[in-house]
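This report refers to the structure that appears directly beneath it.
We just call them A, B and C in the order they show up, numbering each chain from 1.
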Amino acid sequence: MSTKKFMYLNRKAPYGTVYALESLEVVLIAAAFEQDVSLAFIDDGVYQIVDGQKTDGIGMKNFSSTYRALGDYDINKLYVSKESLDERGLSEDDLMPLVYEDEDDDWAEKPSVFVVSNAELSKIMSDQDVCLSF
Amino acid sequence: MLHTVNKSSFERNSLQSCVNIIDDSSVILLIEDGVISATNNTQSSIVSDLASQGRVYALQGDLEARGISSKVADNIKVVDYAGFVDLVVEHGTPVSWV
Amino acid sequence: MADILGAPVDEEGFLVNLTDWTKDIAVEMAKGDDIDLSDEHWEVIDFLREYYEEYQIAPAVRVLTKAIGKKMGKDKGNSKYLYSLFPYGPGKQGCRFAGLPKPTGCI
């Protein structure tokens, strides 16, 4: 099976709607097919990977810790729109410091989160075989 | 009157519609994704006037879930579920702007 | 609904409530599959529970194999070894004994 480039586009805040969790589940399932997977967080989707989420007060499962497992699934390209962060008064420091261990580099920890401009993101998107939006 | 808004202002215009219509005695409680409008961002101006009059509330659990409880804009009052109940007692059954 | 030692399980034998899990339940589930749980089984079950605690998901087999290999050495981090412990699949059977949901994407 030839490898294709898949991008999952995340546009919704977590918890208020089911899109974020659904996307994450699809990403984990698709990871089994060993494709070249990347994630993009734009608009309110950037809230999905904001650090310090605590869901005790709303009685829902806190699935933010699952994003930290993505590295184990060889998903290590998470692109975040700089403009979307700026509009929301957020910066890279507000995001979870997600990393992956590079098997080819003696398991060195490397960052998985890349804050990019919309122009850069659009270039990355046009390079994909498949883009799925949630 | 009490109005609840559960949509992000970046996604829908529910909050703007609500602000456009409500009278001077009304208050707004931001819940679920609506709490995004309680933080300092480019949509904050929608409620800043009302907030300065002490008429905008945001639900604590929903702020915490999204990791944004430290980013609440000035003058917005953070309440827990008991506070939500108090608002209902004071202002009556809420109108939900979905 | 079926149950194991009073804890409800779904049609595939997975615990309905994750908090119901006890070691006795794991032993009982294994007995139903004709398996006597050894230290080697427990090592994997404990690992699965720790993984779930940290990441809120049951790992896919590929991820589990890699992670076990990293933690316990190459002689254990391979599917032959893990399938010898859990013949119905380290993901599916292992997670069931560990009281976790079926791994995401596992059929």
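Of note:
To be clear about the criterion, contacts are C-beta pairs under 8 Å (C-beta built on N, C-alpha and C of every residue); 3 or more make two chains touch, one makes a residue touch a chain.
None of the values given here were measured: they were computed from a predicted structure.
Averaging the CA coordinates per chain and comparing them to the mean over all protein CA atoms picks out A as nearest.
Across the two candidate interfaces, A-C and A-B, the one carrying more C-beta contacts is A-B. We define each chain's centre as the mean of its Cα atoms; on that basis chain B and chain C are separated by 44 Å. Averaged Cα coordinates give chain A a centre that lies 28 Å from the centre of chain B.
Residue positions of chain A touching 2 or more other chains: 62. Annotation for chain C: no residues touch 2 or more other chains. Residue ranges on chain B touching chain A, taken from their complex, read 6-8, 10-11, 32-33, 36, 39-44, 60-62, 64-68, 71, 80. Listed in rising order, the residues of chain A touching chain C in the complex are 25, 28-32, 61-63, 65-66, 68-69, 72-73, 107. On the side of chain C, the complex with chain A involves touching residues 54-57, 59-60, 62-63, 66-67, 70, 104-105. Of all residues in chain A, only 12-17, 43-44, 47, 50-58, 60, 62, 64, 87-90, 94 touch chain B in the complex they form.
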